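Since the structure comes first, as structure tokens, the remarks are kept for the end.
The chains carry the letters A, B, C and D, assigned in the order they are written, with residues numbered from 1 in each.
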Amino acid sequence: MNDLTLPRHWRAALLAPALTVFLAFWLLPMSRLAAISVSAGGAGYRALITNPRYLESLLSTVILSALVTAVALALALVAGLALVRHAFPGRRTLIAMLTLPLAFPGVVVGFMVIMLAGRQGLIGAISRELTGHNTVFAYSMAGLFLGYLYFSIPRVILTLMAAAEKLDPALEEAARSLGASPWRIQRDVVLPALRPALLAAGAMCFATAMGAFGTAFTLATEIDVLPMAIYSEFTLNANLVVAASLSLVLGAVTWLVLALAGLGGGGNVAAAA
Amino acid sequence: MNDLTLPRHWRAALLAPALTVFLAFWLLPMSRLAAISVSAGGAGYRALITNPRYLESLLSTVILSALVTAVALALALVAGLALVRHAFPGRRTLIAMLTLPLAFPGVVVGFMVIMLAGRQGLIGAISRELTGHNTVFAYSMAGLFLGYLYFSIPRVILTLMAAAEKLDPALEEAARSLGASPWRIQRDVVLPALRPALLAAGAMCFATAMGAFGTAFTLATEIDVLPMAIYSEFTLNANLVVAASLSLVLGAVTWLVLALAGLGGGGNVAAAA
Amino acid sequence: MKLDSVPIRLERCAKTFPGAARPVLKPLDLDIAAGETVVLLGPSGCGKTTTLRLIAGLERPDAGGRVFFGAEDVSARPIEERQVGMVFQNYALFPHMNVRQNVAYGLSIRRLPPQQIARRVDELLALTRLDALAERQIAQLSGGQRQRVALARALAPQPRVLLLDEPLTALDAQLRESLRTEMNTLLRNLGVTTVYVTHDQAEAMALGDKIVVMSAGAIEQIGTPRDIYHQPANAVVASFIGTMNQLEGVWRDGALHCAGGRLIAAPGAQPRSRLWFRPEDVILTPSGGELHGVVESATFLGGHTRLSLSGVGAAPILVDAPGRTRYATGERIGFSLAAEVWHTPLPDTETTTC
Amino acid sequence: MKLDSVPIRLERCAKTFPGAARPVLKPLDLDIAAGETVVLLGPSGCGKTTTLRLIAGLERPDAGGRVFFGAEDVSARPIEERQVGMVFQNYALFPHMNVRQNVAYGLSIRRLPPQQIARRVDELLALTRLDALAERQIAQLSGGQRQRVALARALAPQPRVLLLDEPLTALDAQLRESLRTEMNTLLRNLGVTTVYVTHDQAEAMALGDKIVVMSAGAIEQIGTPRDIYHQPANAVVASFIGTMNQLEGVWRDGALHCAGGRLIAAPGAQPRSRLWFRPEDVILTPSGGELHGVVESATFLGGHTRLSLSGVGAAPILVDAPGRTRYATGERIGFSLAAEVWHTPLPDTETTTC
């Protein structure tokens, strides 16, 4: 269709840099990573299976990421739909404030979680007043969960709002004319229409949570999430083989989720990229 | 328009959780951050201006982020347009591989940069063979730049490809019928049409680079990027006031860029979220 | 298949959208008999779709307005409780359901037994000639097929009232005409009270028992297609429905004198200095004729040739010449007018804009 | 404003898209005289847009096909070197430029001096009555205004050939008709060679000096609107252009005998057992008539009433009855046919599908 758009030599000129960049910087580091991970006769992967610390780390990272994704999707769906559907005074301000955390990196988010739920945190102070007990959960799974959520929700909300704005209101009106209740409309019309956006946003949320480092590191949490395990194997223990194996496992899990959501092959990338 | 979609009490039920979440978890940590930053009579901000280390850190982070954004946009634009325009065998595989880094977190990316350009890196090995000199740039600005780029390009490419796919081919055909050269078509038709996507992708790329921590930390680079400065003030020096001030400055700069690109107020969020 | 039907009455229904300066609909009364097909016709933005949505229950009239289905006041009921079938302009088919699931949706909401649903869906698919497409996805259907699915889906739950919002606008001219005929037959057979919104006068003429011509949020005229066409109530209606010529002259001695000649009044006609007439009211007279004009342009349109004649009145007179005769530009031809034009009520000449 | 124009010739132009099983266009020859308006008419997917794009230079014909503008072989030239003006179906206006900038774009490419560009743009804006909208953004324009901007933009660089791809399809019926008339006048005044693609036969009739009827990637007939309408080359053309009745019977004693009666042949007619005729070829005869039929349905359409008569031949006969007479369903009416129908060449009866 576009076969006359550019002369043939132009096309080659356009493709060349893409291919060069790709070959030089893309495959090289990854294949190096793969090579290291299988060196020492696969000792890295063996350690992964035999050492419960690594398995635990993988498991808790996946569970945490899945949990964050589920809760972020649920909250963002409700809030995003409400924000798109209903015009009310202050709507734009509310949206702007909901998306404020976009401006803060994981380190700062970790920092905020500590101020909220740390030893001298706000929640602790309030609970001390009320119950005499200092509630501290910043350094537990709950703190991590909170930080990841804080980081993810704005991104998920923006994606879902963009998708919800494109919903054809006639679809809902048609369902209503056929007698559908609000609940059935949500289930039969709205959710199926938002499915691609939910998948895309969920996959990106999951991938981000799987790789989050700044928040976890700042919280210096007792939970050893996978990126932290990789970091410590690599830097502190200088155990390159295990670090490479863990990296590839982390990459594989994330990639699988992205691919299942159709983001991998460039399929439905619009809503999530 | 949708005023009959849901009964009034349903609407309230939908808005309530959004508002609760918002009030409880959104404003509290941020206002705490702001409160701390101005405590001690604004000493935090004073330190920021007087201590050249902080200023340098801010400056180098902004410059690095801007540079990464510019290069990522340029490369992704060329590669993305080429990938959308031209059907060739292996196109889907190439796209899938280009987006592979999406699966790896910053820590692993830093790890890969070290394997590529570190003391025992590939580039060093090659340069030793060729020139006798071991080229090492993983721990310098160049290494950081490479890592950030690796991390950003897939995200930017996906956004630009999604936008390029929506371009109306008739626009280019119309320009051609009026005698426009391929070069003028790119300048007069394609770039203006991609402007929103370029802005959105650029802003998100910039924001991500501003907050990147894992890569920088893994590289243990001599450049003190802002998130690392915040981390060390907070954790190592326990200098809460300066950490909070730095966080707010980082947030403000990032937010400004996001807002300028129209992402802040939920304006043109579709392409970037 | 025959459906029950109810009469519809709108009483002083106005509609002002929040924040709008002017109402999109001025207080409006409308009576629709049971089983009748009424077409709301008008240019875009003239309130016809809002009227339809008021009847549907998708909008509520401003305070004081009331909507009746038969004796029942449904003003406070939302659409899901009004038992109406609705076909939307872009069809609004559920994209993740196939044809059968779309048609069955309204029945499954009513929790009918599966066999009954299947039977009823089969009946509707047969009625709309969709049998062969039952398992197709919506994305695989052509525009005309989608239109029929939308109609089948709306009819499945046996609505008391069928509401159609420009259901043919999205289609090609050729297809539009054939689906129009098909739909006309279907609606007559079903006998359901139908309100049909369109901006296409040919569609309105072909489908409507009655046409309601609207403009600027108000009703200009209600009548049968013949009433509307031959006795337009005012200039707005006259100009919106088909083509209307205007010939001004001087009334003298029982005739209208104009640049094109002298037109003797029909017996019993009132003195007039202005006539309104349709292109097909012109009778071309190869030799002689009361009036004369010069052919400015002649466009062969198949069934007739559209002539534009100058030198008759102030504006060119448009004529639909039947038959296969060829006309050359510059040719001088004679004509007279059908006697009926003397009895066409004179629409007021003030043109309101929409 | 008058433009130069060239004749166009297509020689054995076929088009097969890569990976497609069948060519979208079979080898095709076409001659278009300088200054002529030729309309490519056919259902969607029949190769008319591909033909236009071959002329434009947006597609290249398969090996062996050649395109000439006058004596010049332009087959190898891309569109930017062919000096054609093109109007796209969705107008393809540059959304980030205002009306003036859109119209000026082709001129600024040619690096003309600014004053000359401004003068020429003003001229075109006046010609298309866009003067008042020169500074408007495209998003602020109505469909009809966009269509005029697209036309002005295409005409600005003085093209040798004007190519229009369904330029009125995106518009309302009412607007389509008025813009059609406007465009017709404009094209005649400009005198530029024009190729116009449409699927709307009324548009083709009104605009074309010649109509090229296409179906399934091949040309079915080339001719003036009158030729195409009254002497369709085959059943495909006959069924695509307007409505065509078919009456089968038995030829005996110089007449056609059918269920509806006995129709005496016109003087000099060949023996025939099948007649093709248009709804307006039927002459209703209130008393008597050679043939009789029963009114199945009567639809008042303003200028005429469309009757469907049964009991005449195998299929119902469609009749356009002029005048204000009312017809009742079930009424028996008599009619004869215009003498010309005996001289209509008999299209082959095999129906090819597209």
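One rule holds in what follows: contacts are C-beta pairs under 8 Å (C-beta built on N, C-alpha and C of every residue); 3 or more make two chains touch, one makes a residue touch a chain.
Since the structure is predicted, the reported quantities are computational estimates derived from the model, not experimental observations.
Student: Hey, what chains does subunit B share as contacts with subunit C?
Tutor: Chains that touch both subunit B and subunit C, as defined above, are A, D.
Student: Using the touch rule stated at the top, which two chains are linked by the largest number of C-beta contacts?
Tutor: Pair with the most C-beta pairs in contact: A-B.
Student: Distance from the CA centroid of subunit B to that of subunit D, rounded to the nearest Å?
Tutor: 54
Student: From the mean C-alpha coordinate of subunit C to that of subunit D, what's the distance rounded to whole Å?
Tutor: 25
Student: From the C-alpha centre of subunit A to that of subunit D, how far is it in Å?
Tutor: The separation of the two C-alpha centroids amounts to 56 Å.
Student: What parts of subunit B, by residue number, touch at least two of the other chains?
Tutor: Correct list: 4, 176.
Student: Give me the residue numbers in subunit D that touch at least two other chains, ranges are fine.
Tutor: 58, 78-79
Student: Looking at the complex, which residues from subunit C come into contact with subunit A?
Tutor: 56, 58, 78-81, 83-86, 88-90, 92-96, 105-106, 109-110, 153-154, 157, 163
Student: Can you check the complex and tell me which residues of subunit C touch subunit D?
Tutor: Of all residues in subunit C, those touching subunit D are 43-44, 172-174, 184-185, 199-202, 205-206, 225-226, 229-230, 240-242, 278-280, 297, 299-304, 320, 322-324, 326, 338, 340.
Student: Spell out the part of subunit A that touches subunit C in their complex, as residue ranges.
Tutor: So the residues of subunit A in touch with subunit C come to 168, 170-171, 173-181, 184, 188-189, 192-193, 195.
Student: If you look only at subunit B, which of its residues touch subunit A in the complex?
Tutor: Per the stated touch rule, the residues are 1-2, 4-7, 10-11, 14-15, 17-18, 21-22, 25-30, 32-33, 36, 75, 78-79, 81-83, 85-86, 92, 94-108, 111-113, 115-116, 122, 146, 149-150, 153, 155, 157-159, 161-162, 165-166, 169, 172, 176, 182, 185, 201, 207, 210-214, 217-218, 220, 227-228, 230-231, 234-235, 243-244, 247, 250-252, 254-255, 258, 263-266, 269-273.
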